[in-house]
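Right after this note come the structures.
One chain, chain A, links the two complexes that follow: it is found with chain B in the first and with chain C in the second.
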Partner chain A sequence: MISAIYNFALTTGANRVIRGARIEHVCGDPTLSPEKDYAFGMRIVTAALETLTVAVPGPTLFDPMAPGKEAAHAS
Partner chain B sequence: MRLEMGSFPVTDIVFGPATRYDAGRLTVDREAVLAAVKQDPRIATAELEIARPGESVRIWPVRDVIEPRVKVEGPGVCYPGICGRDIATVGRGRTHRLAGMGVVEVSSVNWHDAGGDFVETHLDMSGPYSEMYPYHRLINLCLVVEPDRTLNEEVKNYAVHKAALTVSDQLGEAVRSLTPPEREIFELTPVDPSLPRVVYIWCVHSPQAMSGSPSAFCTATYGLTQLTPPWYLHPNEILDGALTGPYRTAFAMSWTVANNPLFLDLYRRHGRDWNFLGVISLRTEWTTQTEKQLMANQTAKLAQQLGAQGAVVTWDAGGNEFIEVVRSIQACERLGIKTVFLTSEDDATDGAPTMLEPLPEADAIVSTSFFKNVTLAVPETPGVARVIGLPTKTVRRGSTIGLHGGVDGVALPTSGPLPPPWRYDDHYGFGSLSCIE
Partner chain C sequence: MSGPLRVVHYLNQFFGGIGGEEQADVGVTARAGSVGPGRLLEKALGDDARIEATLIGGDNFVNDRAEEASRAIAVELDRLRPDVLVAGPAFGSGRYGLACELVCKVARERGVPAITAMHPENPGASGARRGLYVVPTGASTTSMPAALEALAPLARRLGRGETLGLAEVDGYMPRGSRRVHDRGRPGYQRALDMLLDKLHGRAYRSEVPYAAPERVAPASPIADLARARIAMVTTGGLVRKGNPDRQVSANAVRYHRHTVSELESLSPKEWEAYHAGYFNHLVNSNPNYILPLSFLRDLERQGKVGRVHEHIYALPGVSTPVAVAAGHGRNIAQDLKAARVDGALLVAT
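For the complex of A and B:
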């Protein structure tokens, strides 16, 4: 589940919670240029898809915006 | 900060040659009041009509109900900041109010053009659904007003609310120099230090995230509606209308905010049952987890700095705003501040919790119950003899039963049977209706 209010998503029992941008634009940022907005959205969606390959013991938060993540996805 | 509130009970409103108040009877010079409204070139049409309790009258669309208040002594104006009014800090001196009446802002103007929010309140002055709202007990002077349709939504909102405030001001002037029949002194006097120290955490919705505009209309703090950190307000500022504005749900319009029974009781029992510290006004509908938690933390910190031992918490919305509200409660409790939460409940269909995020720290809750027309299958509102406002109402989120079961986006005659209100959230505890078992 991609959510901007991720703590709430965790307490409702979603196993894989991916931190989104904001409630009104969960996978985007209208302040960015179209190209950067696309890349930003891809980063979140790709991170969400990758979590499906990871076994989790229970509700777990994944943060695509965490430091170091960008370099990992660029490779 | 000392405020004397002089009340002028209104027992009848009539139209006449001059606007004046005499022993409960308010005479309104219709032409002069409308001329003042029409001085604003943004106003296209304006009419005044009277709706009395018990009449077979439906008012639609209702954006706001305002209690006329006028500043007689002391700085500033009542209902400050909104629609370009003076922003001087209010709450001192003397204020006069016309009690038992409302100026009803009747207009088709929507809150903003971003979608998702629309004006849906209609008021019945009699019949089974009139009891839902406190306004059916008021004598209502309705301003049916439409702005120049070429304006943008924000300017339209500004223009029609300014027009309603102009009517309110004109009526207030009628009692400016009169001696009020009833007086009450409001002051946070020093009290017995052993009394418990209590703060009111008053959560008010911000339409900024929904509308995309920092100046979209709703309940405003000195005119501001954008997402701002918690405010600390003296209760006298509230009495002078520092928190005011039209609102999408009927239970947090200007009149309801100004007459909030929970707030008034907290204030009137200051020095007797507790030490009332004032109001922390928290804006809600922040849109990230971090922001919501930050506001909760800062609200609790502010309460602690004020020396609060207890907090009463209300909110005026539904949905994700609940997170910063309930987390403020959690943050207060973790700092040792006992909280009581006044709230309506959510739909428990399919075993869902009746609170969006039921945190264990929120363990003292006064419920104003649950009402959702679809879930409870409440019957339609019967037709009425007279309509004030628009002849048709486009019904959204109609109930699933009755003549119009399941209608959505359909325009129905306002005078005929209509689906009941979609939701009923008695934010401040006005209602005395009991529940359906």
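For the complex of A and C:
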């Protein structure tokens, strides 16, 4: 699940949660130039696809905007 | 009220003595009197109650052909006109539990009070949230005596036209309905007492019940994205431009499935957002923000994703009761599974 309000997704039991940009533009950012907007959206979507290839123990946050790539667990 | 209480009991093919799994497709039949666990139920109900008839249905039949089964049960109930219907107990058996839920629903529609019993995690137990009386039991038949003991007095009261008391007092699963009553002391006093109890480490009970969200086992990982079929779902209220399907902007009772097999991207000329829970204007200029088709098409072309599924699913995810939303989710998931989709991206606004 890609969501900007990722805490809701985690506490209500979604298992693979990807942090989206903002509620009004989850996969991208219209304040950026079209190229950067697209690259940003692509980073979120690619991160989301990658979560489908890893096992998770339960609700887990993946943050494409974090400097490292480590995942944070809800608990 | 005069005369003994007239009860109709519902059992599946196994408890009804027809047979096991190989008989799960048998239709609904009625037998006079009590059958199997019905004899124990009758004893628990006491002297002034009797099981007039037992309805027996195959678990597969009742679940797979629910309309036909409902009609058959309705016909029997109209013929028998019992004071109360008792279904189960179904314990942890999922199909049986769902059948009991259906039978209770049919009875209620026909003005017959109904009650069932099963393990709280049985899928049929979610009927409690839709107003059915469900008595919690253990997961296996070893808890039969305790289950009947708990079920019988409630069935008697419902059959005599009584309204049951609070769920926590009478021992059935909360139905999510509220009744106005006087707790005797004003809220601030009760709240302060609770706070004091909490501060002193004493036991206290909140008056605001917490409904823990359902836990779903995580799906196992996809081995190879380059060979996977990926679908997209959005709760961002995506609709075709002008909303020709007349979707609502909140509390959606249905979702829409659209075909995108011919599309490279979602154009703002053809798609927009209709969602009462956020500012839709930005999505209206680029609907791919809530349904990332343009990105997935690029990844598909680059061979990073096997195939983009031809259907997308959309609804506005706002102000929807959890039970309704769970139903939408189940139906979409079933559809995706049937289409052999390997993974799905759900964009939630």
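What we mean here is this: the second predicted complex is superposed on the first by the 67 of 75 C-alpha atoms of A that agree within 3 Å, B and C clash if a C-alpha of one lies under 4 Å from a C-alpha of the other, contacts with A are read in each partner's own complex, and residues count from 1 in each chain.
Keep in mind that, in the parts below, a residue touches a chain if its C-beta (ideal position, glycine included) is under 8 Å from a C-beta of that chain, and two chains touch if they have at least 3 such contacts.
It should be emphasised that the depicted structure is a prediction, and the values quoted were computed from it without experimental measurement.
Of the two partners chain B and chain C, more residues of chain A are touched by C.
With both structures placed on the common chain, the touch criterion links A:45 to chain C but leaves chain B unconnected. Looking at the shared chain after the overlay, A:11 reaches both chain B and chain C.
In the superposition on chain A, contact of A:2 is made with chain C only, not with chain B. Once the two complexes are laid over each other on the shared chain, residue contacts for A:57 go to chain C alone; chain B is not touched. In the superposed model, A:23 makes contact with both chain B and chain C.
Of the residues of chain A, those at positions 4-5, 11, 23-24 touch chain B in one of the two structures and chain C in the other. Across the interface of their complex, chain A is touched by residues 209-210, 212, 287-289, 292-293, 320, 323, 356-357 of chain B. Those residues of chain C whose C-beta lies close enough to touch chain A in the complex are 213-216, 218-223, 225, 228, 230, 236, 278-283, 285-286, 288-290, 292, 294-296, 298-299, 304-305, 342-343, 345-349.
Interface residues of chain A, counted against chain B in their complex, comprise 4-8, 11, 19, 21-24.
Chain A meets chain C in the complex at residues 1-5, 9, 11-13, 15-16, 20, 23-28, 30, 38, 41-42, 45-46, 48-50, 52-58.
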